[in-house]
Each structure stands twice: as structure tokens, then as C-alpha cells.
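Note that chain A is present in both complexes that follow, paired respectively with chain B and with chain C.
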Partner chain A sequence: MSKFSPLEHFEDVLDAGYRLLPFRFIQLEGDDYVVSNMAGEFVVLDRVKLDEFAKCELTPHDPVYSELKAKHFLLDEDSSSAVDLLTVKLRTKFAPLANFTALHMFVTTLRCDHSCPYCQVSRANDDRQEFDMSRETALKSIELAFRSPSPVLKIEFQGGESLLNLDVIRFIIEEVKKRNSHENRDLQFVIATNLALLCDETIELAREHDILISTSLDGPEALHNRNRPRPGNDSYKRTIEGIHRVRRELGRDSVGALMTTTASSLSQSKAIIDEYIAQDFRGIFLRPLSPYGFAIKTKFYQAYDQSKWLDFYFEGLDYIIDLNLKGFAFTEYYAAMVLRKMLTPFQPGYVDLLSPAGTGVAAVVYNYDGDVYASDESRMLAEMGDKTFCIGNVHSNTYEEIFLNDTLLEALESSFAGSVPMCSWCAFEPHCGADPVFHHATQSDFVGKKPLSAFCNRNMSVFKGLIKRMNNNPEIRDIFERWAYM
Partner chain B sequence: MQTGEPIKAASFDVAFSLSMYSLDAFKRAAYAMMHRVSVKFDVTNDQVLCSIMPLTDKEDRLILERDFLREVNDHELRISIEAQTEQTRTAILGLTFSRTGLQG
Partner chain C sequence: MIVLSTQSARYAGEIPAFERRIIRVSADPHRPTALRLREAFLVTSDIIPDGFGWYIFVNRPVGLVNGPTIELPSAFDYLADGDVLRLTPARNGLRVLFRRNASINSFLLTERCNNYCLMCSQPPRNVNDGWIVDEILEVLPLIDPDVPEIMFSGGEPTLLGDRFFELVQASKSYLPRTALHILSNGRAFADKEFADKLGKIKHHDLMLGIPVYSDLSHVHDYVVQADGAYDETIRGILNLRQSDVPVEIRVVLHKQTVTRLPQLAEFITRNLLFVSHVALMGLEMTGFTKANLDDLWIDPIDYRSELSKTVGILDRARIRTSIYNSQLCLLDRSVWKFAAQSISDWKQEYMPECDGCLVKGRCGGFFSSAHVKYSSHISPILVDDTSHAMG
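Here is the complex of A and B:
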């Protein structure tokens, strides 16, 4: 007796038809549509094929049938595990929520030696110490950080220029480590600094506590110095010297860099990327400008429109893809995070791509004065006079009062992308995030009207651009698969 | 008017039969196109009259009408898929959050 059923058996099973599993679709371009399931897996179908599929008219012999079945878009007599597999994938995506806040940002000072016109965290002159975090505020903030159930605590020091209050950075690290001797969390420390004030003491501190350095590099020297003025007009020189020194003394991967896009950057995407390659970075995050802080006060934000940034982004992305096609491995990190959501069951921790919003959940900010903000953008907004997302103060509020703050809960609940107009029927919802702070800042509404939203327009354009590129070229798909699993 | 020149869009009406479409499809289409048009609905018996008012005079009426129709058709299909898959969707969400330890 054969161990296998005859072929006819399977044909009979398949001929019994199929039923649909939940899916959404959106136009990609022309007659092509992106069709996605609840876990974010997707296929591209033309409108006729989409109609046939939705009306359950596809036959098992159709070339797309197997792909739709493999990616859990349909259920036939031969695929009883699809619902369970979708559930596991969805649960994997949402699993990090249970850990709550992992990233705790300490604003050690608002003072800064630079006077960047786009600065999103309006700085104070570097000789006014009333803008420094005190040890008392630091201790209270540490207390709150350890109330988070997260097994990983990432402590990031922000400014102003954080190193202008190096004493409190050292104090916080020592206190956190002391506390952790019985908490046993996985600790990570990051100092965000422009590196202009890097000194022996900072290097020794970083060496002793395995601190990572995160710095700003906006591009070639002329652009960087124009964007980031300081006395002596030597920001670029100091930053590059600092990067080299950190690598020399602490190791190659001890320093990362972020760039900020300004109107002056928009025509220089390749030059900016070349600068990152020249400085031996393995990738770049082509960031848009946020509508906060001095950026909006000085009209920097209005100076460039969204379509110009998208042109800049895709010119840079295509340049990077071309480098990879020629054998030089280099990553665009925003694309990599989106691709992680598109091509894997995992979530990047990037606050802007989380739904429910990462605001107060994935990250929290302890300001120099003890105010607690739901995100770095919330702090930027407050520096403009809008303290909507100030969710408490370490001196006067308990952990419960801060994290059960009505404004925070309302923002999280109302902006959840799965249930708001347009997002709830958008095929990109599993790939996207919710940003109540951005929509509050730009539309005075936590949800925001998505057809008018720069956040939605930008992300939608990026998602479509990535899918078009990998759909048209298997080699690009291979590159994107590598980025997704980095 | 020269051949090929866009027809500038003043307000115009498009009528649809409610035996073919649900009212929700029109509401969703109007929402999705709020950056280009305002839409007023007038429902009578089995018909909906959509008065489409472009927000700028740069819109080409034929393109606008085509895009609105595409939105309506897409939303009608979405509504149909949602109705067919609602129970499965609820079951998947229920199972997803059933053993997370978040229930308290």
C-alpha cells in the first residue's frame, strides 16, 4: 500500500475552493495593487487578479494561488494551519509591547556650544547652569526607569550638548549600575554628543562602562559647518577628529552618526552618503526634518516641502542600492527598519514605526528639570511652549500617575492605526506606525487626517518606493532581505 | 478649447445606484480624497448623488472623476472583504492576545 495519497486526492481537495483570510489592499501604481495580510506579508497583484481572488474565482493552477496560500491570504481544504500561523506572526510583532519602556533618555543639560538654526531642542547658552539636571532629579528619574518591567534598559544621555554636564552622566551611570546589582537588567548606555568637547575623562568613562557614542554628521565639511555653527566654525573638524578618536580608543563600532536634512542638504544626497562612506560608516539614516523646536521658529521646516525630501531620499536610496549591486555593502537605515516590518515577523524599536504609538511606551524622556515627556518629540514640542505631552514630573508624580496619565492614554488609544480612518483600511498599516505627537503638532489632533498628513504621505511614498524597487528586481529584493534581518 | 487641454474642474455631480454600492464606500472615498475635493451627498430612494467640489482649479475634471470612481470601487471591494473575513479577523486578534500575560 502506498504511503502517499494519489495525486487526484489533492486535486479534489483543491477543487473544493477556498475562503478568504483577512487582507487589505492599496494601489501601488497604475493597475498594480499591494495586498497585505494582518502580519504584513504582501503580494503585488493587478486589479483584475485582485478581483478574481476576492471573488474566490482563482483556481489552484493560477500562478499566484500558491503564493497567496503560502502567505496566508486564503484558506483551502489543504491549509488548516493558516490561522494559527497568522496568530503566531501577529503575536511575535506585538510581543515587545509586554516589555513596556526600554529606552530612557536623560536630558543632562539644555546648554550647548553649537547654535544650529534647525535645532529641535531649543538650546540655552552654554554658561547658564540652571539648565543642567541635578543629582536629585537624576536619582528620581533612575527610580522611575527601574519601575519599567523591560528586561533591557537603554539609558541615553541627551542635550543640549550632554557632555557639558559630564558629572551628572557619571553619577547616573554609577547609580544605575549600583541599583542593577540586584535588578539584573541588561543595561546599555549611549551618549548623544556633537563630540566637540570630547576629552580624556569622557573616553575613560566610556571605556569603563561600555558606553556607545552617538554623534551628528550632516555631510561634507561645508554643509556640516553651515548646518552646525559654533565658535571657530570648526564643528566638522571636531566631529571627525572625535569619531576617529573614539574608534581608536574604544573600537570601531563604538560610535554611530545621525544626519539631519535641511534645505541645503536636498541637492547633496550623494555627497552626504559619500561622506559617510569616507568616514567608514556602514550605513546612513536619511532623516526628514521634524516640525519642532528652532526648526519651525526659524522657518527651516517650511523651507522645504515633502516632495523635495522624497526626491532627496530616493536619489540617495538608489545611489546606495547601486553601491550594493556593485558589491559594496552599505545600508539606508530607515528603509532597513521598514523592510524589517515588511519582510520579517519582527518589529524595529523605532518609535515612529510603532502602533500603538511608541510615545511613552517604547521611550520616555526625563528632562533636566524633572519633567517627564512621552518622547523626544514631546520635549521638542514643549520647548515651543506646548506641554501637552509632558506626562508628569519626577519630583511630584508617581510612576502610576505618569504612565497612566490621561493625555498619554488618550493619545495612545485614539491614534492606534488599526482603528483610525484610512489607516484601518490601508494595506500599509502593518508596516506603519502611529504618531500622535506629530499630528497634534501639525493638525492639533492626536489622530490626524491622513490625506493631509505629511507623516502619512512620507511613509506611504517610502513603502511604495521600496516595494516597486524589490518587485522589479530580484537582486534588489536580495539586498532588502539582508537589510531586513540586520 | 484646444484638444488635450485639461478640463478645469468646477463642481460637478455624479450619480450612483445604491443597489450597486454601499453608502460607506462613498463616505470613505470622500475622506480619502479630502486633500483634493469636498463631497456632498444627496441620497434619494436607491440613488446617491455626489456633488464633487475640487479644492483648486488645477484639477482636471475627467481625472478627478476617474480617481473618485476608482476610490469608490476599491472601497466597495474592501467593505465586501471586511464583511467576509470579520469573524476570522476577530478570532486571530483574540488568539494573538490570549496568552500574553497582559490581561492582569
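Here is the complex of A and C:
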């Protein structure tokens, strides 16, 4: 007799059957279903196999058995380490919560030189200083930012046009750095600006403090200028010049750009992407328009419905995928964030795709007047007259009063996707997020009815669209893996 | 192939009475007198300084010296300053335990093992070999502290229990700049305290090389011929992570491991992404492999695409990945940059088919044991258009 045992000897124990680990499923298309586990790993099964699996009728020699065992959907008598691994994976996904708020946005002024009709935050005539953040407000806000336990503090300057109050930006950076000499946090500074007013002083400041520049580029010149009017109608020219100046003087990766989608954008996805490629960006974030601020007032939000945006999105995505298939590396960042959730053990910090919601937890906004908002969108909502998510004021409230604000806690708790009707049994729950501000704005309810939710509808379509694409083509799967691990 | 040990060393002169002695080689005629007595002088010219404990003559006539002499055949002409030897004069024995100029020196800690892998290159023996630990503890202080890396292997080193930690501590204490690579099946670390103990030594540059052969527990257990091994190994890796001990995953490529290799890679990226390195290693035709050849042998040409796919998955997840014990002519060019020249110099060879190959210089070559069986697709690369792809 051989001193070695055959494989069958080690498989005997599998005949005792298996138990199910927690899983959820949802129809992908036709007979195909997406089945996901707690950590967001997923497989696509046809209805018959799904049924067999759920009834514990799969046999150990079925390839589906192996796949589901390896991905921790089932537990057989041979091994129990799946539970340990699932635990670690789940813990990894939720670990960033312990750090609380990392992103602190300072609205240095509401003044702006642009008058964009879609502007999600009201602008003001650009010489009225009462819309500027004062040094007192800045100091109080810094105090609160350092109360966050996060080892990383990302300080982002927003507007209006943030550079119209460069003095307070400089003041905040210097105060934060002074304070940090004994706090030792990992500091990052970002200035969100349209770059039209970029001056030597700003470049110097950015160089001295390694500040990153985040700007707006909506697409080709005509579209950009139409979306972003300013005196002289030269927004595009100024932005492009600014982008290249920042690259030249501060470094290639010192500037990023965001686009806002409007009704006029919808027919131009390729042209917008081409503009980003021509300007030497390595990716683009094809953003949905949010329902806040002037966007609603000016009927921009209603001007196109969800399905038109989805067509725009997938047309753009497929164009980008095609570029990658031909060997040109270019990323669509929204997909990249979702794919990071689907294909890796990590949890990206993107506020809109967090559950518990990122509202007030992942990011917080200190407005020019000292009001504290749970998110950028909360401040936009307030500018429309709804101050639900104003969670306090730096001059009159303590850190505890602000971050234990009843409205905030209720919004976070009630919107947690793991316990919300329709989310809690959705196979995409591990990939999705909770957005109480959006649902409050559109349905006057932190949770919202998901069949009526544009947030749910949009994300659901994106999730399915991404899975279909990578499932049908291994080369696309490779590209998606690259995006996921960026 | 380099010969490390002989039973035909010729000892002469006044040989002190002992069974076994560990001694360092010196080739320095100006060595301080105070050190000479406990060292062996390697004679390379007519200048033979006095006072050394031993005099070694490799492939040259034994001259007149003041002290015992050892005469060695030309196979030992690689001996150099800083090498460490074990002398067993009663049996005309001599073994080279450490070579200063080797890229890596490996120490077998024990022959005992609790796995019984189908392809074990060092078949375990259930013997009482505690003397090995004593010997290594004696060797470590003699090793040049500037050597970049040493390796502990087995058998299963952790079966030594506390003596295992004693060895890790000694290599930290005596070799404070040297990396320590330990090959273990990781099972012992399923015990959290055991993993903690290793972490608490705070070795400055430690890596545990642990094999995971499948994403399926029963397949892994079959390959290592031990029920329950997979769960212990996985828990061991997780515990080592908790104890801040870096882990490398090692996968031997054969018929039982290549079929689900891409799935194993995916499993690693989802569950063990924290590992420092993944080594995908060609089969060595020695030990148990020969007995299980039918169950193990697959021509590397037949798993070429699985291997490329696997490397792609790991690389995209930014896990450092290497292919060991493999020949470039059997690999897709897209993965050449992952192929390492990993075979220890004393076991490395090339085949007659390699004659004229333009990339031989950077090919890992073969284990000397490969003569038993190797791919029928070995062929010289005659057009080298890949130098740009080698990274």
C-alpha cells in the first residue's frame, strides 16, 4: 500500500453536505443572477444552479461547488476557516469607520467670478466681503477638525471661488501646520478652484505646502463656456492655461479635474472624454448631476431623466473601455470606485458610496459663516432653504453637540443599507452606499422608497452594467482589476 | 553543481581529539594572531602564516606547516574567506555549512515534519535531530554579519517549539543586518500565542515562506497529505499578520495545483492581499516527486497560459510576484520579467537544448535533478527582442 492517500480520501468528508453562509442574490438579466456574500464577493449563476445551491443540492464535483466554497458562500465539513476569513474581510471593510472624519472642507467664500446656472452652491457678487470666512471662524473650525481622531486630515478649500479669499487659505494652512507640530497628523491640502484667478502668489503657496489643485473642466470649449459663464466668456481658456501652469510649476499630478454633467453634455460623452485625453488627464469622473442648489431652481435637474444619464454614462464607459482594449490606459473613476468595492478587500472613501453613510462621518463642511454641514450636498440644500443637515455652528456649538447632532445620528442610523427595506436584501448592498441627504432632498425621507430613488436606480444600473461587461469579456475584467487597485 | 560535503577529506598532522568541530575559514595571512587558533587557514600561495588551528589545501600538495592539515579535492576550490565548516576527522568527513559568497545560505533545522507533501524535496524523517539546532547556534556567531540573507528550512522548523524561537533570536542578535527567510507550513501559527512569540522577537527583516496549494481546503490537504492542514495554515497566516510578521506564499506548480491556479490567485487577492510576495515555483525532480511522478508531472508548456493568467491577477492587485525554477523558453514573454534566477548555484544547470540560447544568462535554468524529467519543449531562444520587457 502506498504511503500516500489519494484525493478521494480527502474528499470523503464532503459527502456529508454543506451549510449556507449568508448570501444575497438579484437578477442580472434573463436567467442570470448575481449572488454576493457579506464581503461583496460575487458570482454569476443561472437560475437552476442558484436554486440547487440554495437547496444544498450541489455535489462536491460540480465546478460551481468549488467556486462557491472558495469564495465563502458555503461551509462543508472539511474546513471552517471560511468564517475566519469572512470575519477579517468584513472587519477590513468597516475598519475606516474608526478613524471618523478625514475630509474637512472649508468654504472660504461664497463669492465667485463665474455665474454657472447649474451651480450647486449659490454664488454672490464677487466684491461683497460678508460672504468671506473670517479668521475667527477659521480658528474655531480648525479646532473642530483636530478633534477628529483621524490620523489623516485632508483640508479642502471650497467656494464660491475659494481663491477670492486667499488670505484666509494661507491663514488656515499656517495655523493647521502650527497646531500639527505636536498633533503629527498626516496633512493634505486641496484647493478647489476654477483656476481663472490663478496668480503667482497661489502657485508659491501651493509649492510651499504641497497643495493639490482640484478644478472644473466640463468638456470641449463650447460646452465648458456655455456651462460656466464668466465675464469675457473665457472660462475654458483660463482653466486650461491654469491646468498646464500647475502641471508645469507644481507637477503633473498636482492638478485634478471634475466635470459636471448638464443636459447639453448628454449627447457629447466622447467629446468630453476626448477633451480630458487631449488635456493629458489619465481618467475622468463621469458624474451625475446632483439635485441641489440652482440645479433644481433652473430646472436643470429635471431637464433630463435618469435613463438619459445612464445612456450617456455607458456610452462614455464603453468608449473608455475600448481605448483600454486598444492599449491606452485611461480610467473612469466612478466605475473604478465601484469596482474597488466589488473586486478588492478595500473600502474606498467616496462619500456617496458608504454605508453607514459618509454624511458628517467621512466628510464635514465648515461654511464661511461658521455653520457646519454634514456634507457638501447638505450645504447646497441649505442654500435652497432647507437647513436640516446644518448640524451646528462653530461659534455656538461644541464638537460633541455638532457630531452627536440628533438629525445626523438619526439620518445615519435609519439609512444604514444593511437594515433598510430593499437594501438589506439586495445583492449589491456591499457595493452600494446610503445617501440620506439625497433621499431627504428628493423624497423628504432619510431612507426613501428605493423603486422611486434615482440613487438606487442609477447605482443598480451601474453595478449590473459593470458586471455584465466583465463577465462577458476577460480582457475587460483585466482592465477593471487594474482600475480597482489604483 | 557544487559539492558541499565529502567523506574523503584527508586529515594529517596532530589532530585534536574531538568528534565534530565547527570552524571558520580564513584566507587572510595577516589575521590577528589572537584569532588564528580557532580558524582554518586556506592555503592559496606559498605564504603560510603560523598559528592557525588548521591548514586547508585544496587541490594542491600539502606543504610543511605547523599544525594539522586537511587536503581536499578540486571540487572544493570555491572555498573562500569567511566560509564555515564542520570537521569530522574520524570519518574523513567535512561539510561546508556556510559559504560567504553564496547568494543565499540555507540551514535545515530539522528533518521532522507534520505535512507529508506529495512533492517533498526533503522527505521528512522522524528522528531525534536536536543536535542540528546546537550546531546552527554555534555557526551563527561565525557568519559574516554583512551577508544579505540566510534561510531556515526543514522539515518543519516550528516543530522545534521554543528552540525555534531560540534560533530566530540568535540570528537577530548575531546578524543584525541580515534578512532571515524561514520556510514553514505555517500550521503552528494557528496557535495565536505561537505567532505572537515570533512577532515579539521583533526580528529586523524576517519573512515566513508558507505554501498554500489551493483555494480549496480538501485539495490543499491532499497535496500536503494532512487532514485539517489547510485551516491551520490559513489561520496561521492570519495570526502572523496580526503579529506583524511578513508572509510570503509559495506555490509549487504541478498537476494538482495548476488547474485552479488563477482561482488561487484570486483567493489570495481577496483574502490574503497583505502578503509580501507570492512565489510560483517549478517542480523539483527529487525526493517524493519521483515516487508520485504520475500524479504530479505536467509539462510546463501545458500550464503556460494558467501561469500567465495567475501572474496577471496577482500583479494587478499589486502583489509582488515571482516565478521560480522555471525556464524562459516555457514562459509567455509577458511574464519573463517575473522569472527569477532562483535555483541555488550548487543545484543549477542547463540542458544540451540550451546551447546557443541568447537569454541563458538570465534564465533560471534547471535543478540538477531535472535530468529525471523535464519539458520536451526546451528550445534555445535565438531572437532576443525582449530586453525592454525585462524591467
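Keep this in mind: the second predicted complex is superposed on the first by the 481 of 486 C-alpha atoms of A that agree within 3 Å, B and C clash if a C-alpha of one lies under 4 Å from a C-alpha of the other, contacts with A are read in each partner's own complex, and residues count from 1 in each chain.
One rule holds for everything that comes next: a residue touches a chain if its C-beta (ideal position, glycine included) is under 8 Å from a C-beta of that chain, and two chains touch if they have at least 3 such contacts.
If you're wondering where the values come from, they're calculated on a predicted model, not measured in any experiment.
**Student:** Are chain B and chain C a fit on chain A, or do they clash, once the structures share the same frame?
**Tutor:** These partners fit in the superposed model.
**Student:** Could you look at A:Phe455 and tell me whether it touches chain B, chain C, both or neither (first, second, both, neither)?
**Tutor:** In the superposition, A:Phe455 touches no partner, neither chain B nor chain C.
**Student:** Between chain B (first) and chain C (second), which, if any, makes contact with A:Phe314: first, second, both or neither?
**Tutor:** It touches nothing on chain B or chain C.
**Student:** Quick check on the superposed pair: does A:Leu97 touch chain B, chain C, both, or neither? Answer first, second, both or neither.
**Tutor:** first
**Student:** May I ask for the angle at the C-alpha centre of chain A between those of chain B and chain C, rounded to a multiple of 10 degrees?
**Tutor:** Placing chain A at the corner, the angle measures out to 100 degrees.
**Student:** Where does A:Asp78 make contact in the superposed view: on chain B (first), on chain C (second), on both, or on neither?
**Tutor:** In the superposition, A:Asp78 touches chain C alone.
**Student:** Once both complexes sit on top of each other, what is the least C-alpha distance from chain B to chain C, rounded to whole angstrom?
**Tutor:** 12
**Student:** Jot down the residues of chain A that show up as touching in both complexes, chain B in one and chain C in the other.
**Tutor:** Comparing the two interfaces on chain A, one with chain B and one with chain C, the shared residues are 84.
**Student:** Applying the document's contact rule, which stretches of chain A touch chain B when the two form their complex?
**Tutor:** Against chain B, chain A makes touches at 19-25, 27, 38, 50-51, 54, 75, 83-84, 86-87, 90-91, 94-95, 97-98, 421-422, 425, 449, 451-452.
**Student:** Under the definition above, what is the set of chain C residues touching chain A in their complex?
**Tutor:** 116, 118, 215-219, 221-222, 225, 227, 230-231, 234-235, 238, 256, 260, 263, 267, 269-271, 273, 288, 291-292, 312-313, 316-318
**Student:** Would you pull the chain A residues touching chain C in the complex into a rising list?
**Tutor:** Where chain A meets chain C, its residues are 3-7, 9-11, 13-14, 39, 41, 66-67, 69-71, 78-81, 84-85, 88-89, 344-345, 478, 481-482, 485.
**Student:** Applying the document's contact rule, which stretches of chain B touch chain A when the two form their complex?
**Tutor:** Residue positions touching the partner: 28, 31-35, 70, 74-75, 77-78, 80-82, 84-86, 88-89, 91-93, 95-97, 100-102.
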